[in-house]
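Each structure below is given as structure tokens.
Consider the two complexes below, in which chain A is the common component and chain B and chain C are the respective partners.
And then the complex of A and B:
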């Protein structure tokens, strides 16, 4: 297992990049800790696959270095980086049995047959395929084949890192649960350094110790799921993480008070006098409806029943505000105010978070 | 207008894809087919569309038997998981194509295309070719084409499955609004319970070629008529635990004795049953005084930022709980969880619902 260092790393698909916009991956510096699970999260075109391909060696960066345990591997081909990869679509040898598919990476490196036998058995138990070890991979469902791919990715204990590129996209929701939980317990058990690329926030948040949120070729925040939820560093993180995402409202902020469309809101903390385009970000989880006189005046447009909770879509002076209400909560017509729990209020200036003053 | 399936079934290569099925769908309604991959959603849609002829039964549309009628003669629009557009045509021509086939006037076409493009937020891209658009825009183009066709039956087969999470969220909110006005019969296949809930309308849960329940979406979710429906319509999956009732005593499969009499337990006769409950109803604290308590071994926790998924091994079963807040609990240690009796569903051993959770009747 290895620590992975990204040093002044950037990539452009153009031969002579001049402007920052020419870079699909903008310059970044990061140390990824040995044994942690990271998720690269972002929408298509954000640069997450570019970054993964640079780490795996499929792509040579335009600038900067990549180090595994402080050793420069920037110019090393994939085969010399000692990594295991699992892709979006299953990669299995159809004519081989499940057992031979799982054993393949070990046999390739001349591992001891007794060790191979035990290890394959162990992996088969993890992916729940002990009973199909002697079956040919041909004819298995896509789910089963992807399980084999995952198992083969994890069969070697001596890899520097395990890279996953959207590995659960083709899997049914029910099976996703199972596989994700297995990956998670494997990580807990073996402590591999894992990097997992996905556009699905639930997968990223539940799988990773640290989630790396990417937007327009840039890492906008790297943090624990809790940090991304409670203190999104950029309004994009607030929008992208959470369903629905964070409410963002234009505001004037002075000290511990904000004014939004003529209504005063107490922030509970001081923010000085932020300049530029100032906005308040409040997640639907910290937003509630009230029938009192306090809060922003709103009109309820729609109430969506999502089972375990309700999503209330309200209009405030032409801006949509989303509110989460409990499954059994009654939404009465006289609820025409929105109030914020000030533990969940963040202030933004030009889309970046303004840290509150220390009291 | 209504679309009625009467005892329709489909067998292909000796395999039954759809067992004899009855279903009635009304104009102006959204009807979700919810089930896992290969459960029969697409097969059922193909029978509705006339792409396949059923082995038994009849398809009746607007009172007329259309069982053998070709899809071309029926007025059906379909949108698939893959974005299907004509790559050599502009977005405008792609949307206009079904109307051109019907030889409608240029003015009619222009008005309809512009209206559909506006609804699907494609107006700035009308002159582009589909491949110059993002995946979300390409699928909007396919949806716009289905819309202008003004078909009596619109079939959407997992139309958002290939899109990014956030795009899916946006389109999912828009689709019911847009199609509500059109007055056609909408059928929407999905594998995701949350998608069914967000779309609203009616839901048919499908499992291994059979419709297990068809009703208004919140009713199917809260009052499943059998354990299969409950399982299909729950993500994470519903948790189950067997128990026996004799006299005033309940013996759960883990050996625990209880005298539960509230909610679905009220008035329950002697016999063998299965209790079911949803992950979000599992609690870490005893909130209700009569809450049931179970102790299992914590295998994994997953933190989403605002909530924590708890995976518990309890008496050989894997349970999933979803609790508010970030919980750092010790993996591998015993964990006690609590369940309000009002949140328990009770099924017979064959899976038939005996009593829904009492909270559900009020919700």
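And then the complex of A and C:
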């Protein structure tokens, strides 16, 4: 168990990176606090797996240092870092039995046979494979194999960190939920530092204490699920997290008013005079339809009833706006305005959030 | 789905049947024909029953040749398979040197058998051959035409030189198909190099390796040209393998009957061993299948 520090870390897959765009992972300073569960969230190709492989030592970074408990391990090979990692697709040792697969990492480190036996039994119970311990791994289904991979990742108790690289991709939905719960309880029990890479926001939000959102090789925000929801630091966080994502509208902001496509809106807070490409971000949860004169004039395109609530897809001067309406709410044809709740308005300049002035 | 029964469909396999008849069955039958008859010349044959087979079964000469043949195949398999795997493991995985290696490796495979024989025949000569001359200059008594061990060593090294590439290329292809994640997981699990080979690489190349073993076995069991060119089966009979012995018998002594019986038994032995190989291979797959 260790605190993991990344210092000026960056990585490029090119031998001589020149421009910032050449970097798959842009310069990064970050502390992974000992014993916390993190989710690394982002779309495909944003550098999540690169970061994970650098931490586990499978990849050597182009620049910067990695410290475990303030000890430099940048040049230490994977085997010396004592890290467990589970990959996206199942990796099992085909010719071994399930039992031998689970015992493999322990045997390689010369653990005591009676301890191995107990520990393997324990892990097998955790992944629900006690019955098939004596089967060969080769003939098993993909999700059984992935459970073995997960088990192999969890079998060592003394690891510095547990890394998961989209481990539940091939698992059945109901099993997904169960395994995620198992991982969480494992985390509570042993307090490993865990980093869980995923592109599924539900997975990230339910698993982690802290969610790290990555976009285009950069960490754009780190925070609790609530922080990510209420104050997205970057428009990407806004629309990547939430279903549907945040509405982003080009606007002119002056003090506490914004002008969007000719309509003036009160913001309730002062934002000064942000420059650059200024946008307003409002989550669908903070919008409502109205039949009055206030708000932005919109045309309703369609209404999707998703069970718990309704999603109204509306059009405002060519931009789509999503509005969340209660399940029982009546949507009448004369509702042609959308109103924003001040508490949910964020202002962005060049995609980054502008903090409101303190009143 | 219900299949319609139509016995006329059998006619559809007639072309294949004819082709196989002309290419394999009829030639084989002429051999069978010779194996059960005897002749005193003038193209007159008379029935000999299974006498030739009985004679061959009792023939010390054939058993000796079979023994040498088995020894030869065993030795070259024992060298070529591990060596081929070792070479494949050490070949570069990608880039310029990977292609270069592949081309260099495949060169020996493209050389005709008798040319390979001639190359080694000259290479090993004490008077003008680089190998023979060098060994002689170093004071090593090497003469493949007179010395039993030198002859065997030459024939084996020649075969290893000629065919290890095949095993290496097949193993290399098998190794290339292993996803990176397996090696990464092995590092995470702190597996030693030997364990990576034993539990990841070997199981993954087992399939192609079986094909390599089968091919090398069949080929080496039928070897004729190379040792014939180099040693002519000598010194004495020490490198007279089954094919060489068979040709001596059939064409040298013109003992058609015994040679035909010999051929058929030779053929059956290869068929039998290949069948055993095949069964073992498919059973290996099945055993892991559940």
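In this text, the second predicted complex is superposed on the first by the 356 of 359 C-alpha atoms of A that agree within 3 Å, B and C clash if a C-alpha of one lies under 4 Å from a C-alpha of the other, contacts with A are read in each partner's own complex, and residues count from 1 in each chain.
Just so we're on the same page, a residue touches a chain if its C-beta (ideal position, glycine included) is under 8 Å from a C-beta of that chain, and two chains touch if they have at least 3 such contacts.
Nothing here was measured: the structure is a model prediction, and the numbers come from that model.
Engineer: State whether chain B and chain C clash or fit side by side on chain A once the two structures are superposed.
Structural biologist: fit
Engineer: For A:327 in the superposed arrangement: first (chain B), second (chain C), both or neither?
Structural biologist: first
Engineer: According to the stated criteria, A:305 is in contact with first (chain B), second (chain C), both, or neither; which is it?
Structural biologist: In the superposition, A:305 touches chain B alone.
Engineer: Is A:201 contacted by the first partner chain B, the second partner chain C, both or neither?
Structural biologist: In the superposed model, A:201 contacts chain B only, not chain C.
Engineer: In the overlay, answer first, second, both or neither for which of chain B and chain C A:152 touches.
Structural biologist: It touches chain C, and chain B stays clear.
Engineer: Name the contact category of A:173: first (chain B only), second (chain C only), both, or neither.
Structural biologist: first
Engineer: In the superposed model, which partner reaches more residues of chain A, chain B or chain C?
Structural biologist: B
Engineer: For A:16, using the defined touch cut-off, is the partner it touches chain B, chain C, both, or neither? Pick first, second, both or neither.
Structural biologist: neither
Engineer: Now for A:138: first (chain B), second (chain C), both, or neither, which partner does it touch?
Structural biologist: It touches chain C, and chain B stays clear.
Engineer: Touching A:85, do we find chain B (first), chain C (second), both, or neither?
Structural biologist: Only chain C; A:85 stays clear of chain B.
Engineer: Please state the minimum Cα-Cα separation between chain B and chain C in the superposed model, rounded to the nearest whole Å.
Structural biologist: Minimum over all C-alpha pairs: 5 Å.
Engineer: Looking at chain A, which of its residues have contacts with both chain B and chain C?
Structural biologist: Touching chain B and chain C on chain A: no residues.
Engineer: What does chain C use to touch chain A in their complex?
Structural biologist: For this pair, the touching residues of chain C are 179, 181-182, 184-185, 187-192, 195, 199-200, 203-204, 288-290.
Engineer: Which residues of chain B touch chain A once you look at their complex with the stated criterion?
Structural biologist: It is residues 36-37, 134-135, 164-167, 169, 173, 191-194, 197-198, 200, 217-218, 221, 235-237, 278, 280, 299-300, 302-306, 309, 311, 320, 322, 326, 331, 359, 362-363 of chain B that touch chain A.
Engineer: Taking the complex as given, what residues does chain A use to touch chain C?
Structural biologist: Checking each residue of chain A against chain C gives 53, 56-58, 77-79, 83-85, 87-89, 91, 93-96, 104-105, 108-109, 135-136, 138-139, 149, 152-153.
Engineer: Considering only the defined contacts, which chain A positions touch chain B in the complex?
Structural biologist: It comes out as residues 43-44, 172-174, 177, 180-181, 184-185, 188, 199-202, 205-207, 224-226, 228-230, 239-245, 283, 285, 304-308, 327-328.
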